[in-house]
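Shared chain: chain A. Partners: chain B in the first complex, chain C in the second.
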Partner chain A sequence: MSAALNHYQALAAAAPQTHAYQAIGRERLSLVELPNRKQEAWRYTPLAPVLDHQFTAASREEGLLEPEDIASLRVTPADHVCIVLLNGFFMPELSTLPPQVGLEVLDLEQAIQHSAIGIERLGSLSGACLDLFGAVNAALTGSGAYLRVTEKLTQPVEIIHLNYSFESEVLSNPRVLVQVAANARLNLIEQHAQFADLLSMSNGVTEIFLSEGAQLLHPRLQHDSVRTRHLSHLYVQQAATSVYKGTSLALGSAWSRTEFHLDFVGEHAHCELNGFYLAGEQQMQAMHLDVLHSVPNCTSRETFKGILYGHGKGVFDGNILVKKDAQKTDARLSNDNLLLSREAEIDTKPRLEIYADDVQCSHGTTVGQIDPEMLFYLRARGIPKAEATSLICQGFAAELIAHCEYPALEAKALSILQERLAPVAAKL
Partner chain B sequence: MLSIKDLQASINGKEILKGLSLEMGAGEVHAIMGPNGSGKSTLSKVLAGREEYEVTSGTVTYQGVNLLELSPEERAHQGIFMAFQYPVELPGVNNTYFMQASLNAIRKARGEPELNSLNFMKLVRTKLKALEMDESLLKRAVNTGFSGGEMKRNEILQMTLLEPRLSILDETDSGLDIDALRMVSMGVNSLRSPERSMLVITHYQRLLDYIQPDYVHVLSGGRIIRSGDKSLALELEEKGYGWLQEEAAA
Partner chain C sequence: MDAAEQQLAELAQVGYEAGFVSNIESETVPPGLDESVIRYISARKNEPEFMLEWRLQAYQKWLEMEEPDWAHLQYTPIDYQSISYFSAPKSAADAPKSLDEVDPELLRVYAKLGIPLEEQKLLAGVAVDAVFDSVSVATTFRKQLAEAGVIFCSISEAMREHPELIKKYLGTVVPQTDNYFAALNAAVFTDGTFVYIPENTRCPMELSTYFRINERNTGQFERTLIIADKGSYVSYLEGCTAPQRDENQLHAAVVELIALEDAYIKYSTVQNWYPGDENGKGGIYNFVTKRGVCAGDRARISWTQVETGSAITWKYPSCVLKGDDSIGEFYSVAVTRGAQQADTGTKMFHIGKNTTSTIVSKGISADRGQNAYRGLVRMNKGAENGRNHTQCDSLLIGDKCGAHTFPYIEVANPTAKVEHEATTSKIGEDQLFYCRQRGLSEEDAVSMIVNGFCKEVFNELPMEFAVEARKLLAISLEGAVG
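So, the complex of A and B:
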């Protein structure tokens, strides 16, 4: 297994050095331990699918895609800002970048070179807990997206992450830095997609800083192809009275893990974190939550749902930590799962760790099957069994998906879901 | 329309229906009354095709077809509708979408063209208006967070949309206030016609003031122990079931 570590250290050493941040990653790489199942954070996540491959660093792949290829993927109108990160590289020729008051968009590399406002924050959230993949991302970060919002934007901004290459077993390391200034507002829609069924890995890190009174609506849809390995680290830091509402829909990939790290640094902030995962044949979807209430009077809602079928496997590992000073915290964590087969598996572990004495916190989890009462009701209304089963699953997911608050993205997610579930429901 | 002969049915090995026979002609409204545990709900569930109930003996023939061989959805396609005693919540499933899927599944099975959303909305609005119901019901998830009255209204809305040949109302009146009861009856009465039959299962005579039955049957111990016209319902209201049960036992 240390072969994997040697491999990534060699990749990092060979990568072009464009800025100081990479040095932190390289240094970390010499210190980190390989993730293993003795570590709590990796206990339920099978590691072979990512450690058994010697992925090579992706390149920019200029000219491989045309702007029209992007048009078919977008969920926002064609004239809105849309940033394309191909294999982690910022692609201006594929992106739509009309100037917009209150919005600054840069290639992360340029932002570093030109010392863009707040660039020193890069790595300040992710740096503290760099594991192997975090370190790999840092060491290989070249390009990426830098966003800074200073107004209440009415138009949404879309980021499309694509993995695409002629090579196989390619690793991309998309990196995104988002800063929403005081009382500014942004709707940031992210998609992870692929054009070809390649075995590749995406290892992304996103850091989000919300200043006082800032608001971010952040729906994300991951519909990578079935052989992809997908890893996302999402870090959010919230100042006083800021509001973050994130909804992550993980539908694709062979192996997918999303880590959410939320940190309240000011009072009266609110966070709503929603997640949906779909894991079918040979798929693994993991969601990890690490919500830290260290200041008083903040509220958080974490709602996660999953549908598992075939030999699909899901992992939910959610932790809310309420520190001693975080009085009047109000936090609710829930995880509900629908299992459609005997072989499907969910390992769910919602946790509350509370050190303050005046708080309202709850956590709960359910694991269930298709409710025979619901099924009978639909069939008694003439809807055939397979269609009825699929409808129940879609309803279960739709409640969560509606949190995206962006109909075009919701419709896309629901149609992918319907397409995936129809043949499954027909066989039940 | 419907012919039930010596029907015996059990659930989890417990026999509930013990030789029930009933003949229903087209255009007739039959009321089934009876004390708790007499098998009223079991009868409706067996007719609608609930698989947990095992039919151990007897026959059910509907329009010349062996009903017991049909799946629940096939029964719906053939024109059978059961208004549930406890309608089921379907979180996340939009009520309009559900009703359109239901109507179109039935139309498709009958080889009729499916209705597009526009035409369906026109139709459902007409039905809502006739039942004096609020349109907000259409935007919500099926029965989710509905009050008891709203659920029953929603059942009747579906019934008037699907225009079934045989409607089974399983204690649709239980828990309803007078206004809701009036509305439910209005829906049922609007469907009365020489081609349609209705089986109204109820605890109380009250509903039968609004929906006048042609026949009243008393179910007790899994059998029909007395049949009569609507005056039987009035007699039951006055005397209870005790005297009939004693007679049947004698």
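So, the complex of A and C:
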């Protein structure tokens, strides 16, 4: 297995040096150990699908796609800001970048070169974790998106991630840095969209900084091809009275793992993390939460749901850590799972680690199948079994999808869901 | 608040009430562990040859194993070579035939702890197989039990008299190499209890063992094996308390339960070992492996534990639900205060069809106590219609303590239903206010609220134990609220 580690070290050494941050990644790569099932964070995540392939580092490929290709993927209106990251590289010719007051969008590479405001924050959150893929991202990332918001924006901003290349088995390392200034507001819609059925890997890192009173609405839809491997690390730091609402919908990929790392640094901040995962035939979907309450008076709500069918495997691993001084913390974590087939499996681990006494924390987990009474209710009203099953599943998911608060994205997610579930429901 | 702090400080000064060292001459092997120690133990116990081999196998495996470090516990590493692995009260050399022959010093120790054997003979119908350090010195009610066909004896005796049962069952639930501490136990266990309930027999009385750690610097390695044959029932009580001393004492017990078809084993524990001084110094290290298997259909195993003692508790009484329609239960109250740390919970392995498990865990942390619930519920592919409900609640008293929940849920069968809920909070101001309004002192109010919090678990305990547990809880939390 250390072949994989050597491989990544070699990739890092060969990567073109575009900025100093890469050196930190390279250094870290020499320190990390290969993730393995004995590590608590990787206990339930099968690693062979990512470690058995010798992915090659992506490079900037111009002229591969036309702006029209993007138009069909977008969920925001055509005149809104839309950033396209192709294999992790910022593509200005594919993106729509109308000037907007209070919004600064740059290629991350340029932002580093021009020492854009706050660029020194890059890696300050993700650097706290010493893990292989985080280090690989730091060492190999050549580009990415830099966003800085200083006003209350009314129009949403969309980021579309695409994995598409002439090469085979490409590894992309998208990196996004988002800063929302005091009392500013942003609705950031992210899509990991499917463009072609390729075996590739996406290893993304997003760092989000919310200043005092800042608000970020952050719906994300991952519907990569079912041959890709998808890993995203999401880091959020919240200052006082800021609000973060993130909803991640993981529908695609053969192997997908989303990690949320949330840290409160100011009081009276609120965070809402929602997630939905659909693991079908040969899919593995993992969600990892790491919510750190280190200051008093913050609230967080974490709601995750999953539907598993075929040989699908789901993993939920959530941890809420309330530090000694974080009095008056109110945190609620829930995870509900629906198993539709004999071969599907779910491993869930909702943890609470609490060192303060004046807190209210709870977590709840359920695993079950479709309630026969619900099915009976619908069938008694003349709805065929397959349709009734699909309806119940959609209802289960819709509750979560509605947290996106962006109808076009919700509709897209629901239609993918419906399409995926119809043949499954017919067979049940 | 000042007065409360003062009160707390005073209480911290109060010594452990059950802490004293009694001077009984005993034979002790010098500290250290190697094959010769194991050979000595085996020879001293007059064990059959197969047992020695079994022990040596375990020892070899143990040497290759690593001490687990995943638990949410912090303690100074254990030096296994500084522990003496055998200590037998001298008077045991020619074992007493009745209470009259028991060393009067021993009897006085029990009396100090409030466990007068004589009285117990008359009272409650409880037979006591008392373990004083490592050798069973007194067994009562043997006759009555023998009439019912029940075998209730020390495990050393069982090895000599019922080798066929030992050979068949020992190590089948907790194999020699199950984990680091179980392997150590398999190599060096010195005594313990053996129970066999024959087919269709309801054990005529509640069986009970009081554990006692006494000799300085001796670890205690108990091994308990309970077999409930088809259609039988037994309720087993285990309670412990230990004298005060300065060095940490390692306790690595193994308990194996086997319930065959339609059998029901109820295993209750009240654990009140010396928790150490206010810094945890001198407390017991309690690393216990307890597991039961519902081997037959409709078998049932119920674990109830009240854990108030020990500096370190590492304990996960588990159920392997092999038989169809079998039931596993786990009810636990764990209290940590001072510098106590507990990492405890359960594992429920659902293998058979229509298996059900219930987990109720109540953790109370005060002072600097750290209390973790760690549990696993596993529904295997074949666990058709498996059901589990888990509830773990934590109560925090004071701003320096911690309460943690680490549930693991693995489901591989779509017809299985698993529910888990956990809450953590402090005692509600409104509840306290309500009680105080009605004239209760703060202390009494807290005691009442905490007792209510634990009621679900106490209800599962046999009556005498429930009373003791309530008392223990009150003593454990005295002065914790201010």
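Simple rule for what comes next: the second predicted complex is superposed on the first by the 428 of 428 C-alpha atoms of A that agree within 3 Å, B and C clash if a C-alpha of one lies under 4 Å from a C-alpha of the other, contacts with A are read in each partner's own complex, and residues count from 1 in each chain.
What we mean here is this: a residue touches a chain if its C-beta (ideal position, glycine included) is under 8 Å from a C-beta of that chain, and two chains touch if they have at least 3 such contacts.
Because the structure is predicted, anything quoted here is derived from the model rather than measured.
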> Who touches more of chain A, chain B or chain C?
Replying inline: C
> Regarding the shared-chain residue A:385, is it in contact with chain B (first), chain C (second), both, or neither?
Replying inline: first
>> Output check: A:324 vs chain B and chain C. Expected answer is one of first, second, both, neither. What do you get?
In response: second
> Counting only touches as set out at the top, which of chain B and chain C does A:349 meet: first, second, both, neither?
Replying inline: second
>> Between chain B and chain C, whom does A:92 touch in the aligned arrangement: first, second, both, or neither?
In response: neither
> What part of chain B is in contact with chain A in the complex they form?
Replying inline: 48-52, 71-73, 75-77, 81-82, 84, 87-88, 90-93, 98, 101-103, 105-106, 109, 141, 158, 162
> Across the complex, what residues on chain C touch chain A?
Replying inline: 70, 72, 379, 381, 394, 396-426
> For chain A, which residues count as touching chain C in their complex?
Replying inline: 40, 44, 324, 327, 337, 339-342, 344-369
> Which part of chain A faces chain B closely enough to touch in the complex?
Replying inline: 371-374, 376-385, 387-388, 391-392, 394-399, 402
